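Below is one structure, written out as structure tokens; comments come after it.
Chain nomenclature is as follows: A, B, C, D, E and F, assigned in order of appearance, with residue numbering initiated at 1 for each chain independently.
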Amino acid sequence: MITTLPVLAWALHITIGMVTLAALLNVYRLIKGPDAPDRVLALDTLYINAIALIILLGITLETRLYMESALLIAVMGFVGTVALAKYLKRGSVIE
Amino acid sequence: MQPVYQYFIAALLLIGGFFSLVGAIGLARLPDFFTRLHGPTKATTLGVGAIMLGSVAYFTVRSPGINIAEILITVFLFLTAPVSANILAKAAMHIGVDRTPETRGKPWDQ
Amino acid sequence: MTLSLVVLLPFLGAVAAPLFAQAGRTAIAIASSVPALIALMALFPHWKRLADGGVLVQTFEWMPSIGLSLSFRLDGLSLLFALLILVIGLLIILYARYYLKPHENVGKFYAMLLCFKGAMLGIVLSSNLLLMLVFWELTSLTSFLLISFWNHKKDARRGARMALAVTGGGGLALLAGILLIGRIVGSYELDDVLAAADLIQAHALYPFALTLVLLGAFTKSAQFPFHFWLPHAMQAPTPVSAYLHSATMVKAGIFLMARLYPALAGTEQWFYMVSFTGMATLLIGAYVALFKHDLKGLLAHSTVSHLGLITLLFGMGTKLAAVAALFHVINHATFKASLFMAAGIIDHETGTRDMRRINGLWQFMPHTATLAMVAAASMAGVPLLNGFLSKEMFFAESLALNLPGLWAYVPPLVATLAGIFAVAYSARFIHDVFFNGKPKDLPVYPPHEPPRYMKIPVEILVFACVMVGMFPAISIGPLLNIAASATLAGNVPDYQLAVMHGFNLPLLMSFLAFFGGLLMYSQRQRFFDFHARFKEIDEKAIFEKVALKMEDLAATFTHMLESGSLQRYALLFVLSAIAVAWGPISELGVFVGANGLSPIDVPTATGALVLMLCAVGTAAMHRTRFYALILLSVVGLLVALAFARFSAPDLAMTQLSVEVVTIVLLMMALYYMPSWTPIEASWSRRIRDIAIALVAGAGMTLITLAMLTQPFDSISSYFLEHSKKGGGGTNVVNVILVDFRGFDTLGEITVLAIAALGIYTLLKNVQLTPPPGDGHGHPWTRDAYPVMLRQIARPMLPLALMVSLYIFLRGHNLPGGGFIAGLITAVALLLQYIASGMQWTQARVSIRYHNVIGLGLLFAVVAGAGSYAFGFPFLTSTFGYITWPVVGKFEVASALIFDLGVYLTVIGATLLALVSLGNLSPHSAITHLKGGE
Amino acid sequence: MLSRLGFPQPFLSLNLFLVWQVLNDGVSGASVVMGLILAWLLPRLTSNFWPERPALVKGWLLPMYILRVLWDIVVASVAVARLVLSPRKPRPVFISYPLSLEHPLAITMLASTISLTPGTVSADVSDDNRILLIHALDAEDEQEVIDTIRQRYEKPLQEIFQ
Amino acid sequence: MELAFALTIGTLTASGVYLLLRARTFPVIVGLTLLSYGVNLFLFSTGRLVTGGQPILGSTDNYSDPLPQALVLTAIVIGFAMTAFVVVLALRKQADHHDDHVDGRESSARLRLEDEEEDGR
Amino acid sequence: MNHWLTAPILIPLLGGIIQIFIGYAPISLRRTLALSTTVLLLVSTIGLLALASDGSYRVYTFGNWAPPFGIVLILDRLSALMLLMTAILAFFCHLFAVHKTDESSRQFHALFLFQLLGLNIAFLTGDLFNLFVAFEVLLIASYGLLMQGTGTKRTIPSLHYVVLNLAGSAVFLISVGMLYSVTGTLNMADLAVKVPQVSAEDLPLVKAGGLMLLVVFGLKAAILPLCFWLPKAYGAATAPVAALFAVMTKVGFYAIVRVFTLIFGADAGPLAHLGLDWLFPLALATLAMGVVGAIGSRSLRTLITWQVIISIGTLLAAVGLGTQEGTSAALFYLLNTTWIVAGLFLVVDLIAGQRGAAADKIVTAPPMYNRTLLSVLFMLGAVASVGLPPLSGFFAKLLILQAATPGPQLAWLWGGLIIGSFFTLIAYSRAGSIVFWRTVEGHVSQPERLTLPLTVAAGGLVGMAVVIVLLAGPISAYVDATAEQLFNTSEYLAILQAQVVVGGL
């Protein structure tokens, strides 16, 4: 962290903390359910939080090398959610 | 870098973190699936968006040239979040998940 | 040359003989006798040298590394046996010509007979113990086929199998014995072995070697307790019995004892083992023979008894005994062969061998009867016949044997007793068959004399019995002499072959035996009654029972272990891994190595916790499968984050994309499977599995911890150093994949391609009925292709293509590359399939995925092989930089073509797999939607 | 005119070009050339995946619309935040919204907008694309919601598409 | 850090092994997937744990070991192919025997069929 | 840099790729191309054997990167022998397959050739991780091949085979990781250099890694207690596939021999002769298990599958002696058993085809159409397998028996082998006499007639029992030299000095 002011460092830490907490809440919902859609929704949200975490990691490490990872999570998260939802309502993902 | 930039970036990050958290809290404590659906689709998406902007700002300032690749991710999320919500809602209606007694109106049967 | 030819000829004959099968029995018989005739002519010239005590040895290299050489040896002993084999072999061929029926497979018979003959000649002529063993086992195999010649008969099959088991097994013991001798002597050449008697007998391994060798000899020569196979081998056609069980096969064991006599004999062990075995065999054979109603059964047991006699003689260890043994070998061969042939004739003419039915044949076939009676008399040891002479010598030796105390009386008594029995059963053979009233309901009645030529062999043999019996010295003397000198390594004792040696104890014993035998036969009914009290033990039945029992036990045992339970096999595997690894792990001095632990930050710790939680959750919740799947994808996501967290962007991306596709695959499979796993394992079983899992997990934890905290350095600095200047890329991981270790990647995409092809084949025309609704019983929704999804899917395709292209192009220098790009493209298309369905999408995809796969592999190979053209090894990459106006400077690398191969293979393979799965689903989707479709 | 140059879907091509620039973190000679190539190539490659052309009539109105939606998203999120963090129970309601838009893309855009904006999620579209099922998180009066959506989003979209 | 990582790998292994020992195809496959996750993490960590040391030249001053990363990438791809295949094989099992038991119900019946033998050989 | 080293890899690879493309071409074309690919491969491996028989090591540095950094192929006597053995086997199996088996799916030839690709890589590679990749290639291909053919009887055995091998691959990776985590290298020669220098605190990791490798190879080789997946899997496969699989267990054997003589051999310092103390007793137990299985088997197929396990037990017992003689003997036996067992699989298939419903069960059935020929072939195979003279099996066993040095090991080995042979003899004679001799009246409706290719394929493999005997001298000379080369590891390590091509052309 080569930031001149501590405020940015703090902000970064706090944000990471908040997103981590958010992720934990998602996991709670994912485990609690009660229904499959809740779990899928939680998973989808978890994916989005993961994107946030990756971005924050990039800032922390001062590298943009993880940007594509974030992009990929977005794409894959979407397709995954779609597939899971499709399974729930149609059974066959591809038909 | 300029303090003003740093406060700006810090603000963006914090807003992002906040909304991500809000979305998660909503997911965690709202009473039924359909109400929970609102948190992630809006707040979380926005939260990530804000963090993205923060990142864009940060790197744009720190390193030469402009770094806006994050924009793409944000746009993507905004495009896909409603679709995810839509088909999840359809799935929920298909399964017939419970709704809070307060709910008026009925979902469609699939 | 000569000797190898003598051995080889019969085998050649075996190949040639069947060709004459069409030309009739006579033709083939003549053809089959050629080898023996040539062999006799070939051996004749050497007589002189052998007579002077010379030896003819001929050696060719074969496998020097194991001391096996094609070396043959002709001395008196081998000559004696070779003559027996050849001459009696000729007679058998002639006899069989008339014995076999035209419709029988004569070609096969003669072929196998000749093979057997060759093997026997091999045994007696080989001068290398290993070579001898080769022929030894060959006789076991060929005799197996000969005995089972009438293999449609159950008893023939069983008898043959029993013979093979005993003699073949004995051969294996002999193998071990010979190997031991070879170790002691350091050579398998007979000359060396025979010269090393002292060395052998002094050696610590001598008792083992002796026992094993004798096991071989005893089994082959049907010595007690291995004698039981021989009588059951009587299921063979009579020519075979006459050949194998008079002159040849059973004499192989005797020959072996004679052959190794100088090397092994003369010790206490030899004396007790051989002589007592012989004694037991002598008695038992003689006793049982008397009670056999089957002609051949009687002869078989008498053979056993006579073999026992010969063995006993060898066991005695005196030189004269050895001479007597050899002499009796000749005599027994002659009279027993003729007796078997006679029995065969009777069987042939009356259709039965049961002496209770066969009576008074004297009226019907006096000529045959005369021959048979003479031979039988010789078997009984009647004076003026050859049997008498050797038996006299035997009696004399049994007396000469001075054992301590009362033991001294045992051999003479046994000998006399056996003699009595021998006379008795010979008497029965004569009286019960040819006299004793009228035949009882013979299958063939009235019996006639056999064809003229069928009797010639018998006549010749009987003539020999008489000649030897009356003029031993001139008839057989010389041959016996050189044989004895060969056996006794030169120093033959002085003995005279005379019809009479004056009135002496042996003669008295003969008289006792003779009249005792007649008396016994006259009183036979008492003995029969006495014998009848003991129930007949049928060795064959026992053997079969034992064999069956063994099979069943083996089968049960096997099914117990090879239970067809994957759980068992997996358990065994896991336990094995734990078993071998646990020792070393427990040797870990400290769990935390020199580098110590580094501090952990909150998000990482949280991630680790969640990952563990979800992993355990997946295992705990595996019954509700969809739930397990969700938890699994969380684990996958977190693993990807872990890769990112610890500096592996490429891995993070790969893991992410692979994980999603995997989950989709699992869901597509889950569609056709139960949504819940029933509880099957008992609690104890589950606790056991949990315990094992925990041990495995603990092991991995300890290993990882120890490993992570140990300092180390690797070859990787080289990669970091050469990645740019040697590989032209700054993404070292990618350069390793497409360049440093490109060959791994080639294999990897091949695996992917093969998997896809395999999946395609597996799912071709597979019928699966999908459930009508989900696990909760809700019917599936009608709306297969929601409009919003379809609308969003459209722009995704070009966008994803662009992104994947971007990822692909930058891969060499930044995180990305062909594999990830390929998966992005695949997933983009997958989205089309999900959103708009198989038919719609397939209609718009214009290429076959097979060809995409093929193309991908081809690109990779071509990119690799390109370097051949420049004299560089396969997969050598090259790169350069080009500068264009506007565009500016950019890099072109051959590795990119290789990566393109990866890209295409991944697309093709992934989609082929997914589409093959999609094809399973009945296209029942209600496409009720306006526009678009 | 553009389509004669080989850009059958100029709108898509434009977007692709922009995306390429964004991916490459800004404009450079190489990125422009490559962007043009891709903007030309990709739509042709994927053209048969676009059976129905997006009938943009007044495309220039689109940015305005997007900006408005973005602002609404912020508002929406704040609203959700307040509700989520406040102890009071929400009053959810399912609303059937009669569509006047027809083009599937337009409907999708509307539905997405609704999902992203104050307290509403579009849960389903009727098979005949005439009714939109909306789940409102916290609303007293359905009609009010319907009117807001009609005025604020559907009208402009109708202008953009026709 | 190392401890957490080691525990994670241990947990993945344990969960995977437990599922590997189940009687139905689906849990077994899931177990194998978990196991391969654990193995990949392990193989990856043989280069030791480095933060911010991505092996992209010029991006950092302490590079992590690139070789294990390349190996794991290969391992992931191969694991993917294998998983896909075994999934389909499980489907075949379902199709052929109408259940997803790893041993199939008829296995015992088959043994009996093999055992039935007519009188004395 | 001799490019011929890549021939055994590129030939089947390209052949396989072509097969992918022409999947829908007429079968005659596919057959011709596929078979000629195998023939080409056979020719190339003969060339390589000639090359290797000068006793020197040939190195091929992929990508022109010097070892230990790049992946290398190493051609020595052992690898050349394995290649040729496999190619000969493959040729006959392929010949047999083009009769009918290959009609079961359009991908048969592709899978078959890729199988060979994987095998050849495994035999040639000098890199531990690349060995893993090779294993995966040959495994995935074998999964596909195993499922060839109609009917459902293959599914469960295949599932077991696949799942177990997936678990095996996982352990393989763990072992490779453990070795790398200490030595920091993957090249086998480099590992052989580094392992003796391992520090005391790292020793347990390497030891555990090495032993787990042994377990993995043991699973492939099917040693007790990891052998029970094999009988049903091989029993279910179509004949040519089962025959080809005769070499699969031998890959495990090869890997054990290669890795545990080179890396954990006599010069491995504290880790010298790692695993030998496990190997010998387990091998004998495997032998015993195989014999019991053979005695208990109710069908010829099962009998042969257990013969596979007997062979592995015998091979590893010989190797387990840890002596040069033992290994040499094992290699001689390897040729014999691989070809003969494969041949027996084919013969049994022909037998089953002519016995109607009885198929290959050891029960009474109507007489076969070509009884004499088939019985001769079966007898040849049986005699060679049991190890009776005058066929190759006898000499192989003889070599192994002689290799034992006096002591308890000798007693165990001799006892095991000889008693084992005895019971195997009983099993084969029982099976043969029932199947060929205990016939009932009547005839099979339409027996599958023998065609020339079928007979040549089956007879050719079984006939190897005679060929080996005729060439016994040269073959034993070659395997002796091979064992010597194996045990003289210092020369192998010299490949680390291999130079890369400079300038090219």
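The criterion applied here is as follows: contacts are C-beta pairs under 8 Å (C-beta built on N, C-alpha and C of every residue); 3 or more make two chains touch, one makes a residue touch a chain.
Keep in mind it's a predicted model, so treat the numbers as computed, not measured.
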item: Chain D and chain C - chains in contact with each; value: B
item: Contact-graph separation of chain B and chain E, given in steps at minimum; value: 2
item: Given chain C and chain F, the chains that contact each of them; value: E
item: Most remote chain, CA-based centroid, reference being chain D; value: C
item: Innermost chain, where centres are averages of C-alpha coordinates; value: F
item: Pair of chains joined by more contacts [C-beta pairs], A-E or B-C; value: B-C
item: Centre-to-centre distance between chain D and chain B (centres being mean Cα positions), rounded to whole Å; value: 16
item: Mean-CA-position distance for chain E and chain C (Å); value: 37
item: Separation of chain A from chain B, taking each centre as the mean of its C-alpha atoms, in whole Å; value: 10
item: Rounded Å distance between chain A and chain C, as computed from the means of their C-alpha atoms; value: 62
item: Junction residues of chain C, two or more chains touched; value: 547, 551, 555, 559, 564, 566, 570, 574, 645, 649, 670, 700, 703, 707, 712, 714-716, 719, 740-741, 744, 748, 751, 754-755, 758, 762, 774, 780-783, 786, 788-789, 792, 803, 814-815, 917
item: Chain D residues counted as touching two or more neighbouring chains; value: 19, 23, 111-112, 122, 125
item: Chain B residues counted as touching two or more neighbouring chains; value: 18, 23, 25, 37, 39, 45, 47, 67, 69, 72, 79-80, 82-83, 86-87, 90, 94-95, 110
item: Touching pairs - complete list by chain label; value: A-B, A-C, A-E, B-C, B-D, C-D, C-E, C-F, E-F
item: For the chain E and chain A complex, residues of the former touching the latter; value: 51-52, 54, 56, 59-60
item: Chain B-facing residues of chain A, complex; value: 3-5, 7-8, 10-12, 14-19, 21-26, 28-29, 34-38, 40-42, 44-45, 48-49, 51-52, 55-56, 58-59, 62, 64, 67, 70-71, 74-75, 78, 81-82, 85-86, 88-89
item: Residue ranges of chain C in contact with chain D within the complex; value: 782-783, 786-788, 790-792, 794-795, 797-799, 801-803, 805-806, 832, 844, 886-888, 890, 928-932
item: Complex contacts: residues of chain E adjacent to chain C; value: 1-31, 33-34, 37-38, 40-42, 44-58, 60, 63-67, 69-74, 76-85, 87-92, 94-95, 100, 102-103, 107, 111, 115, 120-121
item: Residues of chain D that touch chain B when the two form their complex; value: 19, 22-23, 25-26, 73-74, 76-77, 80-81, 83-85, 89-96, 111-117, 119, 121-126, 133, 135, 137, 142
